[in-house]
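In what comes next, subunit A is part of two complexes: it sits with subunit B in the first one and with subunit C in the second one.
Presenting the complex of A and B:
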């Protein structure tokens, strides 16, 4: 045992980890649940990276059509019983199918990845709301952390949608078509983003190249940016500390800030516990609530009624159908801009939730917009208004990729 | 010899996991040493059960081909759901032990 503790001491000394391991963490942030969700989101990200690494070994992006017997589709994946004996699917779908149903532990791997993504988004939303209510951006250095957090949240939801597209099932292709149509909005505003994106992707139809770009963005580019921003955020928290408790009495507040525990072993033990409890919850969700792989899509096929996008963007889909698209299509951008400028707009001097009631109501309205649209989207089937903004472009059987193709934008 | 069915394995998992989790939770507040002992025994038993389930899964997927027999797929999914439940139980016990350790050192620091 002595040799292990000596080795540990040597490790700490040689890698200059003493300062990091002993940095003080306020006790209130260890025991108050409002301070946990950032960690939950960060741990989910690393669990996603780990499972994503193995999924990437088996996944093949591509829209080449493969015909499979309808009987080989799992009944829980079907929205409607198949009309023919054979079903057309893409290479991407078949590789996701192989992972889910033909690879030992592939089912667990895919389900765990999916549930971890949902957990990360949920944790990001709760973390955002908690920091909004607490007014964490008002302390010194808090504004920069808020900015990083909002960008990380935006990237997280984008990452979820990119991942949802990859199996090229009906819901995934719907998400892709909505995403590609979204870029038209900028063109209508006179900002030539749509054409730039199409030039980057090669087409605004789901071609092989588009799927490959989405795949690379999902497994490499977006995670790299998330990792960079997350590193900056962790650095900011390590040296700037966590946000102070929302206590009115300055003396009590000061006492709570000074009541600290060292990161190691205190917070470290708590984090180990959190990681395992999180894995446990995710595995329970895999065991009790497995999610279907959904129906395959093939180029040239329409997305039938009843297909819905994933829940993280369901609210957006609902509002695009409900409200005049000229207003609703740009909602995510307006909400992102508003979230970014909150620290500039919030000039209130209050510390407690009671003193900050105006901003607590604004935070509640902000979250209610997302929550209301999400719930409504699942319980009511709102007919889609077909307008230049919302029409879902049906790709032709064989889309000719790249810039020589006449642009269907607008 | 026929392997144990997924439902039998699921009940065996629950029979080991439920009392272990309850005992670890109770002992966390009384005596952490016993909490660790009970947790370790429970985790060892669950990992042995997981090893058995993993063996069945590997054998079952050795016979898979494309397009597959849906009955085999359903059986494979059922075994994997049980395996996920076993890993969930193991993680829950380890997580409870770690949080119990934090609670103790945090309390000791404030006495």
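Presenting the complex of A and C:
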């Protein structure tokens, strides 16, 4: 026994883990829930990486349509009882189906991944809003952390959309096709972004190459960038400290910043509790609100009306429908740029929420734009013109004339 | 870094992002005020159509790319044509013109609004397309003299949010088979 404790001590000593375990954490950030949501998002990311690893083992990217007899589908899957004797679907869809319904624990694995993703996005939104209202970017080094956070949030939403595309169900294919074609409106400043996207991926219709690029981006490239930025951010917080509380009295503020506890065992215990609470909450969501795999679709089949995008990008869908897409297609980029420069624009000396009321209102408006669009996207009918902006007259120069010399055959 | 340098860097970043944001907003706004987008963006980027050569001539075209007229007489036919790295969802159809003759046509079944796959409307003859995502309706101009909204055989926008006519595929008939030659995607 003694040898093990000696080994453990050596391990702690040689890797300088004592410094990490004993790094000071202010007491107010352990008590106040507004300082917890960054942890929730980070833990969700690691849960997603863990479940995503196993999902990636079973998933096959491919758009080739395969026909499988309906009898080979799970008879207890009554969510989408097959209408015909054979079901046509893409290879990706079949592999997602196999994971969800024909692999032991696959259903829980997929549902857990999905709900963890939803939880991560919610945590990211709450974390962003909390730090916006508290003005956490005003402390020394806070601007750089804010910049990393905004980029991480942007990548998180991107991951949500990429992951939504991968099973290649009807909704995923529509999302992919819109993603491949929407940016053709995006020719601001004479830069043809849409054509660049098509040139890069090689097609504006799903092909094996496109889906492979999306697969690699979803499981490798974007998570790697997220991991890198997250590491930088944790490093910045570890050595720069948590943002001071928004209290006007400098003496009290200073005292609260100085009132520290070591990470281990105080915050460590809290975090262990948080991880278990999070896992149990996710398991409850999986048990009580399972999201069925959406129905398959193969090219050339009839597309039913009423397909909506996933909720993390619903607001974009609403505004792009409401406003001339030549203007609204770049909205996420504008929102991103604005969020990035917030620390540069907010030069006021105010510390409390009351003193910073202008920026609190701006934060509220920012979140309201996203919230209003998200709610409206679920409420309005799909083929409905929301505003007069929706109907755009056809510019005569942008019509593509019929290219063949008309030649009758009968 | 001294304070002076820091302030300059900050000023540079504020200036650059403001300029980028204003530029992004202003370009399409000015263009829509001017009313002639082609004058601002140039013809190519406005119509946005990229020509993709499927076959040089009907002789050089593989038979599986073509659709026989007999098959077309039963109704429009969907074909996923794979050329190089591209997949082109083509809908072949016969159009009955007002002069009573039938014309073979082919269109790229991707909505010019946001790029959703399109549903074909019409029975035996191809009459138009309908987008299930945002409700754009495309209709064929079947008057050889041309229509108000488009030229002969142009799949113009009849309603909904799309702004551009459907992109078409150049076709040629040989031995009773319709072959696609060039697609404008």
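We adopt the following convention: the second predicted complex is superposed on the first by the 348 of 410 C-alpha atoms of A that agree within 3 Å, B and C clash if a C-alpha of one lies under 4 Å from a C-alpha of the other, contacts with A are read in each partner's own complex, and residues count from 1 in each chain.
In this text, contacts are C-beta pairs under 8 Å (C-beta built on N, C-alpha and C of every residue); 3 or more make two chains touch, one makes a residue touch a chain.
On a predicted model such as this, the values are computed, not experimentally measured, just so you know.
Touch criterion met: A:105 reaches subunit B, while subunit C stays clear of it.
Applying the stated contact rule after C-alpha superposition, one finds that A:280 touches subunit B and leaves subunit C untouched. In the superposed pair of complexes, A:357 makes contact with neither subunit B nor subunit C. In the superposed model, A:266 lies in contact with subunit B only, and not with subunit C. Applying the stated contact rule after C-alpha superposition, one finds that A:53 touches neither subunit B nor subunit C. With both complexes superposed, C is the one of subunit B and subunit C in contact with more subunit A residues.
When the two complexes are overlaid on their common chain A, residue A:378 makes contact with neither subunit B nor subunit C.
By the touch criterion defined above, A:299 reaches subunit C but does not reach subunit B. Residues 54, 57-58, 60-61, 64, 66-68, 70, 73-74, 76-77, 80-85, 87-89, 91-92, 94-99, 101-102, 105-106, 109 of subunit B are the ones touching subunit A in the complex. Residues of subunit A touching subunit C in their complex: 63, 173-174, 177-182, 184, 187-190, 192, 194-195, 198, 202-207, 209, 299-300, 302-307, 320-321, 324-327, 330, 333-334, 337-338, 340-341, 344-345, 382-385, 390-392, 394-395, 397-404, 406-410. Every residue of subunit C that touches subunit A in the complex is listed here, in rising order: 10, 13-14, 17-18, 20-21, 23-25, 27-29, 31-32, 35-38, 41-43, 45-50, 69, 78-80, 82, 84-89, 94, 97, 101-105, 110-111, 113-119, 132-135, 144, 149-157, 160-161, 163-173, 182, 184-185. Across the complex, subunit A meets subunit B through its residues 27, 30-31, 68-69, 71-72, 74-75, 98, 101-105, 107-108, 111-112, 261, 265-267, 269-270, 272-284, 286-288, 290.
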